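Take a look at these structures.
Common to both upcoming complexes is chain A, partnered first by chain B, then by chain C.
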Partner chain A sequence: MDNLAELLHGFTIAVTVPHLALMAVGVLLGILVGVLPGLGAPNGVSLLLPLTFGMQPVSAIILLSSMYWGALFGGSVTSILFNIPGEPSSVATTFDGYPMARDGRPTTALATAFGSAAFGALIGVILITFLASWVAQVALAFGPAEYFAVYFLAFASFVGMGGAAPIKTVVALAIGFAIAAIGIDTVSGSVRLTMGVDELVKGVSFVVAVMGLFGIGELLVAVEEEFHARAVSSKIDWREVFRAVGRLPRHGVALLRSAAIGCWMGITPGGPTAASFMSYGIARRFSRRGRHFGTGEVEGIISPETADHAAGTSALLPMLSLGIPGSATAAVMMGGLMIWGLNPGPMLFVDSKDFVWGLIASMYVGNIVAVALVLLTVPVFAALMRIPFVVIAPLIVIICVVGAYSVSNSYLDVVMMLGFGVVGYLFKKLFYPLAPLVLAIVIGDKAEDAFRQSMLISKGSLGIFFANKLVTCLIVGGIALLLLPLVLQLARLWRKPAIDTPAQEKVII
Partner chain B sequence: MISRRALELATAVLTGSFGVAVIVSSLDNGIGWSSAGVDAGTFPFLTGIIIVLGSLYNLVRGVLPAATLANVPIAITSIELRRLAGLFVPAAIFVAAIPLAGIYVASALYVFAVLAIPRHQSVPRALAMAAATALALYVVFERMFQVSLPHGALAAAFGF
Partner chain C sequence: MGRTSTFLLSAAIAVLVGTMPALAAWQPQKPIEFVATAGPGGGTDNLARAVQNIITKHKLTEQPIVVVNKGGGSGAEGYVYGKASAGDPYKVIFGTSNAWQQPLVSKVAFNYTDLTPIAAMAQDEFLLWVKQDAPYKTAGDYLKAAASGEFKMGGAQSKDTDEVLTRMIEKAGKVKLTYIPFKSGAETAVQLAGGHLDSHVNNPSESLGQWRGGTQRPLCVFSPKRLPQGPKVTATEGWSDVPTCVEQGLDIKQYEQPRTVWLPGKVTPEQAAFYVDLMRKVQATPEWKDYIEKTSQVDTFLTGAEFDKFIKEDLEHVKQVAGEQGWLVK
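Right after this comes the complex of A and B.
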């Protein structure tokens, strides 16, 4: 019960007037970036990052994580009211959310979505409360070899379970590693991969990459299609809100199943997008009313929303206890932690108890604040969607330019940001996953250090990765995940040798 | 009009040449094992190899008339291409203008140009929005958060 005592202490940190105010600001900004098509949680959080450098780490993480919750909720608003997913992870919500809203039940759709989202988030936070410190305790005994094995498992799970073409995932990961290696090598102190550009000695900040990949890239994808913001009525009927939330327990099975899928995909770095799609697909297969999915089914809203938020929340678990973020946004937050001088990983639970438990407590409170605020502000943000895209687009470009510049006052960063924008567009267009790329940029250095340190310990023998049970399990699990797509492909060929079934391409961040 | 195949090809060539650059550059740091442990260039060298091999695979997959690609022959239509250029070209000019004009002047001009020239907004409204953008940037960054944004060579010449 140590955890509960720590949690209560966390509440005394999180529930103070300045922190509640920060939560409200964070949630509102989050809804804003969630609603706007070109901006999402990853680059919203990275835009805010430079402004948190002067803050206490607890306050800073509360602001950033609240923004994350807000963005998750905001993405659902536009999915349901406009059939335009504000976030990649809320694409699956459009399938049943929009038809229900169009049939004259927008309040029911919104309330169902927010209610199940809050449930998913709650399960995610409970999981973190009880599991995170335990995982951290186990991880305290890790040496460099175990760390490398965990990193390896994380990257391999992207390839095996990410849903994108495996080789494209591998290329995205490797590019991320190479970008992370640019600049001064932390082990030997020598300068690497600057390719003759002296300014690159400082390395390429993940903020610059995220701004370009998710900001400009997303904008370029969005501008291709003309937006028809045909909103259904965005008026909220408060009595219907409570009735819809009251009906949720009837779908208990769907709620629990989706939360479980979400937590699993959040902890293993599958991310919220993959989680919501997977949850929707499974719900359609197992629901008694599966045939009606796509026409405004309640469970068709519950499943993706619960999984989306459960994944978004539990993505912070591996970030806190192992130093491995479970989603692109968590990766950006983890970059923030390092900039604030904290060392993400098990030592956090020893050195910065206030920070960890303040954050976990704020997740409970922040999600309540988010549900309340999003319900109150739906009409305001719905009105925002009527601002023409041509006005919003240049503003987002300017925000990204200023954001990239302010990381280290460098013009080169701005140019690189624009370059990353083109790459982000190409990758999105061709279904290369972006999340592994960002993740590799953020933790590539640490993975490499862990590898080189283990090699130093073992004097160059790879045997260190099979020296004990734990590390062997992790490495073998990683290799199994890497080979999983190949095995599946072979199995498919063996069963149906004549027909080459095209791999389904999904929307992947 | 750009076909899916051409786009796959271009991207694979792009990632592949990045991989080659990484390999070449990492050789300067030495690869393999020395008295100090794994050399600094080893890890980048390996990632470079993976990038090149993966790109080659993607290249071949992109060129072969596979079932996946046959479904979507056209990746970007000419209308979409025009829209893309309409967003990207002004943005690139904006970024290119920053060292000379500074971020405030450049962003005001940028906002005005993209709103007024294609006649999305009337000239006075576009002017107002451009001025408001530059002012908001100045107040938020230079005043509230004390982040100095580039003022540009022109401003420096006038003594700002």
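Right after this comes the complex of A and C.
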């Protein structure tokens, strides 16, 4: 219970008027950069960083981390309303969030997302509070083989599920892996697949790919299908915000399962992106309404959002205790830590107790402040959906172009983004799934690095993936998830061999 | 009347004399972009941000400075960007020795000759690290153990400084090591702490926290003499207590990595001179001393012919190692 005493001490640091004010400012700025085109949490935090040099480290980290919470919430807004995920981890939120918003229920979609995100974050902080030392130990157990096994599990939980024809899933995955391979390869140090374009040495940015695939791709489909004004008549109803949050406990199982997946992926270095995809994939398989996923299902929003925030929060712990940043934003914050004169690493918890526990306490308070503020903004954002399509469509193009350009001030990125838009459109028209493509782009090269590092260590033997209990469990779990649909299908065929299933699922994720 | 005109005249002269240097020297007229050839949070990024902070605090130039990260392709993104900005004196590129090492071993679309060298501002040292509970106490013990078993050496990036040093250790110590490349030194340090590697050759700042936390310890430093006395890192030891590798029978006298500053190619000598001068002023501030001490680097300032000489010598050396390993790109 030492931790509890430390936490209470932390609260005395975090809950002061200036710190509460900093939290509110941070969260509001965060929501702003999360919603604005092309800014996002990492840019926002680095813009704010120089302002913090004169501050106390605790105040500085409270401001920056509050901004991070705000930006995470803000990022979900564009995913749900415009199908443009601002961060890799909010891609899975678009799958059901966007259809629900288009269906005239943007308030419900936003409130559900925010409510479950807050729940996920809360579980993540509680985990950090009580299991800090244990969690740091678990993270240390992860070598290259274990890393690969975690990524494999994420792929398996997503790939094996129905929706698209398996062969199309494989094609989408393969294209994603190829795109992830562009640039310099960590293991061999050589340049791959740049096709003579010097600038491609940096690789293809995730933001560029996703803005095109989702934002522009969706727009092209919309233009073709329903060019007439598509303003959604959404009633702005305050009560719906509370009703949506109030309905959350009914999905207790999904909430708890997703929080568990999120925490697990946050501590093991899988990260929030893998967590949200995996949580969505598993929810789709095990939810009773699984076959409706992709059409605006509540659990399709709850699962990725809860897991994303649980993972994002619990991933802060490895950053503090081991000095490995789990995300781009965490990396910027770590740079800040060093400039403030603190050394992230095992000694931080001993040397700078006030800082660490002040931060952890501020995570409780900061998230409450964030969710309160963000719920207040729901009707405002939902009102955006009333704007007619002819106005919103050019806006989306502007958001995507500015966003792609600001990744690294490069015109090539804008051209590539538009190219990805065409790819996204073709994928939709030909019923190829986008999710495996995105997943492969985001964690494909990490999985590849981990696999090849494992092979270097084992001198080419696959035995390394069964060398200890941890890695064996992960790999076997992955294989089981991969084979499950196949086995189920075979069993179904065995029982009713003659009956065709004419009602093919129309929803392609 | 006479007095007034004399006064006016002398005032005019004073103004003229006062503005003379400003007329002769080049001064920036718009915001300056600092390009860090690394992602946020890395050593190169920290340097760029520290310099930005010092310049802003001491108002060393009138113009605002923005730091951008172009760390893709192990830093190649930033250098290629520098090459493409030829003639633009508002882009300052911060890197390491990979400006001249990377073009040797991979087909990147730049060479250091495409850029204008400004200065090497700090040297990062390399140490040989092992896990805290490893049985060997000296580099000699380590080499003996490595000769019998198969040791895994981790490092940041492939065919870069860490792997070059690993190959040098193999040669000097007559051992065979399996080199496993990771994305960064911090990642490598965690892998060693978790027991997935036997050793690595991180810079002091990359493993400082891990040493203090008792997960790993340095055996020796690749430097001709011990590091300067500083505050103690652990309860009993500081950087100056780490023996040199030569002392311990691992005959590699010196291996270090300079932090380098460049302008794009085709800028005028006056423009380059402005930045050399600016960096000198930065180095004279107490904040710079503080930065050097916190990151456990060695303060140096190489510019002009000295810097050129350093690059040429280092290049020869790396060429030799890369040639023996068959890494050179045709």
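Simple rule for what comes next: the second predicted complex is superposed on the first by the 273 of 509 C-alpha atoms of A that agree within 3 Å, B and C clash if a C-alpha of one lies under 4 Å from a C-alpha of the other, contacts with A are read in each partner's own complex, and residues count from 1 in each chain.
We adopt the following convention: a residue touches a chain if its C-beta (ideal position, glycine included) is under 8 Å from a C-beta of that chain, and two chains touch if they have at least 3 such contacts.
The structure displayed is predicted, hence computed values, not measured ones.
Colleague: One more residue to check, A:L373. First (chain B), second (chain C), both or neither?
Modeller: A:L373 contacts neither chain B nor chain C.
Colleague: Could you say whether A:G323 touches chain B, chain C, both of them, or neither, answering first, second, both or neither?
Modeller: Touch partner of A:G323: chain C, not chain B.
Colleague: In the overlaid three-chain picture, which partner chain does A:S46 touch, first (chain B) or second (chain C), both, or neither?
Modeller: A:S46 contacts chain C only, not chain B.
Colleague: Should A:V33 be classified as contacting the first partner (chain B), the second (chain C), both, or neither?
Modeller: neither
Colleague: In the overlaid three-chain picture, which partner chain does A:I61 touch, first (chain B) or second (chain C), both, or neither?
Modeller: In the superposed model, A:I61 contacts neither chain B nor chain C.
Colleague: When the two structures are overlaid on chain A, which partner does A:L456 contact: first (chain B), second (chain C), both, or neither?
Modeller: Both partners.
Colleague: For A:A393, using the defined touch cut-off, is the partner it touches chain B, chain C, both, or neither? Pick first, second, both or neither.
Modeller: first
Colleague: Contacts for A:S188 in the overlay, against chain B (first) and chain C (second): which applies, first, second, both or neither?
Modeller: In the superposed model, A:S188 contacts both chain B and chain C.
Colleague: Give one of first, second, both or neither to describe whether A:G143 is in contact with chain B, with chain C, with both, or with none.
Modeller: Touch status of A:G143: second partner only.
Colleague: So chain A touches chain B in one structure and chain C in the other; where do those two contact lists coincide?
Modeller: The answer is residues 50, 185, 187-188, 190, 409, 456 of chain A.
Colleague: Over in the complex, which chain A residues touch chain C? Could you list them?
Modeller: Residues of chain A touching chain C: 42, 46, 49-50, 53, 139-144, 183-191, 198-199, 201-203, 322-325, 328, 331-332, 334-335, 338-339, 341, 343-348, 351, 408-409, 449, 453, 456-457, 459.
Colleague: Could you please specify the touching residues of chain C with respect to chain A in the complex?
Modeller: Its residues touching chain A are 39-41, 45-46, 49-50, 52-53, 56, 67-68, 70, 72-74, 76-77, 80, 84, 105-110, 152, 157-160, 178-183, 186-187, 189-191, 193-196, 208-210, 212-215, 294-295.
Colleague: Provide the residue numbers of chain B that touch chain A in the complex, in ascending order.
Modeller: Answer in residue numbers: 4, 7-8, 10-11, 14-15, 18-19, 21-22, 25-26, 29, 33, 36-41, 43-44, 47-48, 50-51, 54-55, 57-58, 61, 66-68, 71, 75-76, 80, 83-84, 86-88, 90-92, 94-95, 98-99, 103, 107, 110-111, 114-115, 118, 120-121, 129, 133, 137, 141, 145, 147-150.
Colleague: Using the touch rule from the top, collect the residues of chain A that touch chain B in their complex.
Modeller: 50-51, 167-168, 170-171, 174-175, 177-178, 181, 185, 187-188, 190, 192-195, 216, 219-220, 223-226, 388, 390-391, 393-395, 397-398, 401-402, 405-406, 409, 411, 414-415, 418, 421-423, 426-427, 429-430, 432, 448, 451-452, 455-456, 460, 500-503, 505
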